[in-house]
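Read through the structures below before going on.
You will see two complexes here that share subunit A, one where it goes with subunit B and one where it goes with subunit C.
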Partner chain A sequence: MSLGPGMSADLASLTVDADPTEPTAPAKDSDRQHGRSPSQIAWDRLKGDKIAITSLGIVVFFVLVAVFAPLLVKLEGEKLNVYHSDLISAMDTYPIIGANTAHWFGVEPRTGRDLFAVWAYGARPSLIIGFAAATLSTIVGITLGLLAGYLGGKVDKVIGWTIDLLLSLPLLVVVLAVVPVIQQRFTPAGETLTAEQKSGIRFYVLIAILVFFGWIGLARLIRGEVFSLREREFVQAAKVIGVKTRHILFKEILPNLVGPIIVSASIAVPAYITYEATLSYLGAGLVEPTPSWGRTVSNAQNAYARYPLFLWPPVLSIASLVLALTLLGEAIRDAFDPNTRR
Partner chain B sequence: MLIYIARRIAMAISVLLVALVATFLLFFAGPADPAQSMCGELRCSQQKLEDIRHSMRLDRPVQEQFAEYFKGLFVGRDIIQSGSIKDCSAPCLGYSFRSQREVKGAILERFPTTATLALMAMSVFLTVGVSTGVLAARRRGTKLDRFVVGFSQVFGAIPYYILALLFALYLTVLNPVFPRSANISAGVGPWLVGLIAPAIVLGLYTSTGYVRYTRSAMVDTLAQDYVRTARSKGISENRAVYKHALRAAISPVVTILGLDMAALLSGTLITEQIFGVDGVGRLTIQSLFQDDLPVIMGAVLMSAFLVVTMNLVVDIAYSFVDPRVRLT
Partner chain C sequence: MRATIVRAVGVAASIGLIAACAAPSNNAGTSGNTKTTGSGGTIAAPLDPTAKGPAPEVAGAKKGGILTVSYATAPSDMDPSAQFYQDSGIIMTRLTQRSLTSFVTRDGNQVLVPDLATDLGRVSGDGLTWTFTLKDGIKYSDGSPVTAGDIAYAVKRSFAFTDTGPTYQVDFLKGAKDAKGDQVYKGPWESGENFAGVDAPDAKTVVFHLEKRWETLPYFAAFSQTSPIPKAKETKNRDYGNNAVGTGPYKIKSFTQGSELVLEKNTFWDPATDPSRHQYLDGYVFKFGQDSIKVQQGILASNGPDATTLSWDSVDASLIDQVTGAKASQFVTGPSSCVIAVNMDTRKIPLAVRKAVAIAFPFDDINKAAGATPLSQTPASTLVPPQIPGHLDFKIEGMTGTGNGDPVKAKAMLAAAGYGPGKEFQLVWYYTDDDPSNVAQQVNQVRKTKLMAAGFKVKDIGVAGKDRRTLIAKIDGPHNMLQSPAGWCFDWPSADSIFPPTVSSTQIKAGGSNWGDLADPKVDSEMARIQALPIAEQGPEWGKFDKWLLETYVPVLPWYNDKSNFLFGTKVHNVINDANHGMPVLDAIWVDQ
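Take a look at the complex of A and B:
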């Protein structure tokens, strides 16, 4: 969001079109900037950005929770998907205990599952889906954007048209339609899937759909950049001396696009995490018994008034994780953008 | 100009056609047994399966299925239901064998609610978004500006459904500060009043983006020479801001509005589900839980149609406003 202290506007503007293969005009008042790649400059700016560092801390916290979920739950002395029906009141299905040392967040109304275990394991699908979909859609976006921009002509037309098509489909409605159809596709005739199988299928379907719709933005960006880059001398020179197209694309052009790619990927992660949580909340995402914060929120919305401990941990976790990732993404974008000045 | 419009319409039609084929393939070729999945019941009777196979031409080659489906959309078709033939008039969006009614009827019944919600939300986010954006741009660099930008950034970065859910749970259910939504059959008054809270929440959340677009567009135009000229010839500051600067700054905002139609549709879907508003979005989600595929299919077709048409209208309207658009 804000630049580091001492980063004056004219220093920042020196990085315009910074290009590793083409030295920029020598820096007047700073030798520090000389010969540094845009990524290094952005990293320096990012390190001085308090909001970015705080956000990074929050993200790291949730990643640690996800990675060490089994350990944390063991520390609590619990297991995932153990139903403590003895802790549930037979009268109104609410737990007879609150949060205590055995159950840090209490137990789930009706089922008696340990809510801390559900919460800790719930960090996993969010983060895995967010990062996996962002990685894959970035790869697809880079490839298609490079092809459209460099080859132009028919390839560009087809890709451009596909982008327009995908932009005109309402993603949420399409997901609601695709999920049950694909689920049925994988259901053997006359059988029904177990809950685990259902949830497993949905996990991959979610990633696939997010990638299917997610590559568009980056592809458009890359296409535009490649259009101008391919006319530059270093690309022309490479072409003239007979460098293979693949080599030109990935070794000559791509390194110049690292900035926009990192920015686009870092903004995609929170968007995908939001989608997973929203879809799971709506019932089109992950299903029981896979823990997902979105599912927990959905389960909790009928019991929140008497048992707020059910609703608030996942609500606060999704909100702060997505907020931190978004602010981090915006800070990364500002750090790469030579025009920002504060 | 005409060439641009013709090209734009051709583009829209081609996109719609592909969306049509994609939906067809998804629902007819996607499931292992389309008849079973259109039935919407776990144990579908043999008679019903036969009806569906016959109505949908599932016993015929795939081209014929598509021809029948396509024909249904433009001239209507017949649906066989427990021995009797029903007419599904054009545009036939399909037949829900589960609820035993035409999909079109089910959707049209709910559509006014969704459209009203969308329009109400749109008026909220346009007025709040644009006026706050202009205010922030005029006070650029002040505390107020920083507060507006920071607030819209943070508020807009929290997932929408979390905010909407908390609002709905704590302000319409637990402490009924705002009236809860009501079905239109309860009367137009309660129905409209019930839409206020969802429209405000959706509108305010969406406005965070518009605040930032308007602010940055206004910051640019306020620095233009012609605004300085207008000021220096002595017209009032308000006139310079609204008459001269805002008119130019508003066009990128309109473009974003056009591109945002699909997002608005998703927004109403989530809002309807959270606030219990009986609109098309909630119908779609209910159909998902009931495995009522024909309704979902109809909803997909209709929303693709809506989004494509809205984008088309905005683009053409825009080409009248801004002549530079036609060149690209």
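Take a look at the complex of A and C:
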């Protein structure tokens, strides 16, 4: 087996040595590991991990907020993007009210929008972009990684070069430059976009860009794994008895890679959520009037001294969601990692 | 002054000259215990042709020290021929360059006095020849003598910069335009020095030859376009400004574009010849591209160098409590020279619909969304600002710059004009969609939401801020409102520096937009009639013209008069607002050491 370009040794620590036909870890009956799949073992371990369960609870909370945002806002008695200018002081353009029963998080300085509505709806782009981009980039990464690793030769070289090329591009700079260009591409000639159309396009462009750059890491990881797996006896045996390539890839090799894939995906989600917030903060993400936590943070930072309530909800939400997802990813990694078996 | 408020930053600049206020119209009433200088009443700039140097001392002024001026924008160059902006303009006219005439501040009022010239110019009987005589002993900052030829050369040189600089000289000086009205004289490099509009018969005399009467020429003579430029030392481009030799009390030590300008004393400046300027400080440092909120917070704390720093950016809303309360002594506000307005295209929007827009326009909500406060602006109901002689105080319904619009009445007006559900009238405008503070985007949303509630269909086209200025100036674009200019800053305290540049048909002929995109012979002929009157009689006529124009055409909704905001450290003294320019009288400032 050869190490692919850029293949580093630390990735090997994610390797799952166990496969259904060949248990390698010292089997202990008390661990109830014998004859069980790596995923089952990992799930059992996760269930006993308090940090993992707490993190999962936080993630589920934000998912629920995002899903039921219209309902929650209705419960508050508000609507998204209604401008309560009457609650703004003409003297200094700050709200004349704080948090109250009508506006749970108060209203936005200058415009008078309900901040709870902005916050609840703001969870949606973060989560949708985070999970959608992670799912898509995982699928692309798995496919290309499997192909490169198993087929080798020219296919491997082309994919390898592509990976190296994409790795050499500074992601943030490219995104800042490319978003307006792609947006222009989607604008019909001679036509102009309204704010809502623009925000819609930006939404899909963000997902596309994150997927475009996001598959690299996983593809390299999978490729390296496949390099070693394809030489293993059970794969060789399948080949000898004439099993189709597709079957070998998806039925024989892929199940052994579930661990690293889940780990990679669970780390990708918080990373993408951070990216969405960062890009919206920098003005390359979603635009008004679509709510986004990143943009709320950007709007709120200068008002912090006078009106801290504006800044705290999105900041705490991004921080706790990303932390929870990261800890959950860590826990999943630990659960799948044979080297940490207790 | 075109729509060139380069100084205005923070809220106002980022939304491209939109913002406003929901406050009582009285300056004194809204500024609480804050000092208001430059007065809110009419401040004609009276003329004093006999003023002699040196300028009267400021009581208690100390010598020495350096003043730092930190602000958000940056001048693109320091060329005296090209300048037409508030920031570089005030730096040149107060500190580095002298011109034929200049302004002095007396009891908060601006008075026009002779500067390099011995008087305010002598006009011939037919009004078509103006003669200025230079004072003796004027020297450049390198010690060489100033001659009348250098001033004539500088005036000719200004014709090469009419793309960004003023164009009054093109309009009035003889031989500048052909019969069709196109500029044919393009400065000494392109068109040679043979120009009939200005000459210097001897070393002490400058003569202007005019195409038509120009009663306000002495005001134009205060522009840095009449500051002498030695032909031998200039570079034939804007870079001349980086090392320009000047005649003012200070000279350029270093200029780094976009970053910093450092001035030091000019030892060849003779106070005995200058009735207008002082030389109290050892130097000035201008810092460009600064984060104004951080600068202003630092100034309020006044630690170390912040105690001798001044900011002329609009005070951030979060600091208003401080500058109107405990720190009121560090803040000066007053009227500025600009009026901001909501522009509509009279060719594309019928009069009845324009009136409905006026009734529906949510000034107060937009003001709040823009972060505008009573400190940054006062509502306007006229196009002639109150400090201009002849200002007529009238209020037309929907055109007062206040209130939140009446959607019900607007809907009824639209219905009467034949528009309604299924057949809405569509308003189309550009807005800035890359404002990092999101203010422009939010202002747009508020404006859109409220106008849609009044029964309009709205198409808002988001573009980058840097492109917007060009797009809104195009006369054939898809937009039918909010075209340029979004505001106007008068160049001298007479309405003939407001109306002819903003509503005459010449802009439309040149392919640029104006207020209402008007190209109406009646408007043109009325303006020509008023301009031919003696200066003292023009004022009231312009006031009447203002009302007639707004009532008859509804080309534009007056919105607000910009206010200047100066915030300065505890060691900075004698900060006075120059209401003609909306800037501080820089040379009158002195500091503790």
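Keep in mind that, in the parts below, the second predicted complex is superposed on the first by the 314 of 342 C-alpha atoms of A that agree within 3 Å, B and C clash if a C-alpha of one lies under 4 Å from a C-alpha of the other, contacts with A are read in each partner's own complex, and residues count from 1 in each chain.
Assume contacts are C-beta pairs under 8 Å (C-beta built on N, C-alpha and C of every residue); 3 or more make two chains touch, one makes a residue touch a chain.
In this text the structure is predicted, and so the values were computed from the model without any measurement.
Q: Scan A:287 for contacts with subunit B and subunit C and give back first, second, both or neither.
A: Touch status of A:287: second partner only.
Q: I'd like to know which partner A:305 touches here: subunit B for first, subunit C for second, both or neither.
A: Both partners, subunit B and subunit C.
Q: Per the contact definition in the header, classify A:92: touching subunit B only (first), subunit C only (second), both, or neither.
A: second
Q: Looking at the overlay, does A:315 come into contact with subunit B only (first), subunit C only (second), both, or neither?
A: first
Q: Just subunit B (first), just subunit C (second), both, or neither: which does A:107 touch?
A: neither
Q: Report the partner of subunit A that touches more of its residues: subunit B or subunit C.
A: B
Q: Does subunit B (first) or subunit C (second) touch A:173, or do both, or does neither?
A: After superposition on chain A, A:173 lies in contact with subunit B alone.
Q: Under the stated touch criterion, which partner chain does A:295 make contact with: subunit B (first), subunit C (second), both, or neither?
A: A:295: touches subunit C, not subunit B.
Q: Identify the partner contact of A:59: answer first if only subunit B is touched, second if only subunit C is, both if each is, neither if none is.
A: neither
Q: Enumerate the residues of subunit A that count as touching subunit B in its complex and touching subunit C in the other.
A: Shared contact residues on subunit A (touching subunit B in one complex, subunit C in the other): 180, 192, 282-283, 305.
Q: Touching residues of subunit A toward subunit B in the complex: what are they?
A: Residues in contact with subunit B: 1, 161, 164-165, 167-174, 176-182, 184-185, 187-189, 192, 270, 274, 277-278, 281-284, 297, 301, 304-305, 311, 315, 318-319, 322-323, 326-327, 330.
Q: Can you check the complex and tell me which residues of subunit A touch subunit C?
A: 81, 83, 85, 88, 90-94, 109-112, 180, 192-195, 198, 282-283, 287-289, 295, 298-299, 302-303, 305-306
Q: Spell out the residues on subunit B that touch subunit A in their complex, using ranges where they run on.
A: Residues in contact with subunit A: 11, 14-15, 18-19, 23, 26-27, 30-33, 36-37, 42, 153-154, 157-162, 165-166, 169, 173-174, 259, 262, 265-266, 269-270, 273, 284-285, 288-289, 291, 293, 296-297, 299-300, 303-304, 307-308, 311.
Q: Could you pull out which subunit C residues touch subunit A in their complex?
A: Touch list, subunit C to subunit A: 21-23, 293, 316-318, 320-321, 362, 364-365, 367-374, 404, 433-439, 441-442, 444-446, 448-450, 459-462, 464, 478.
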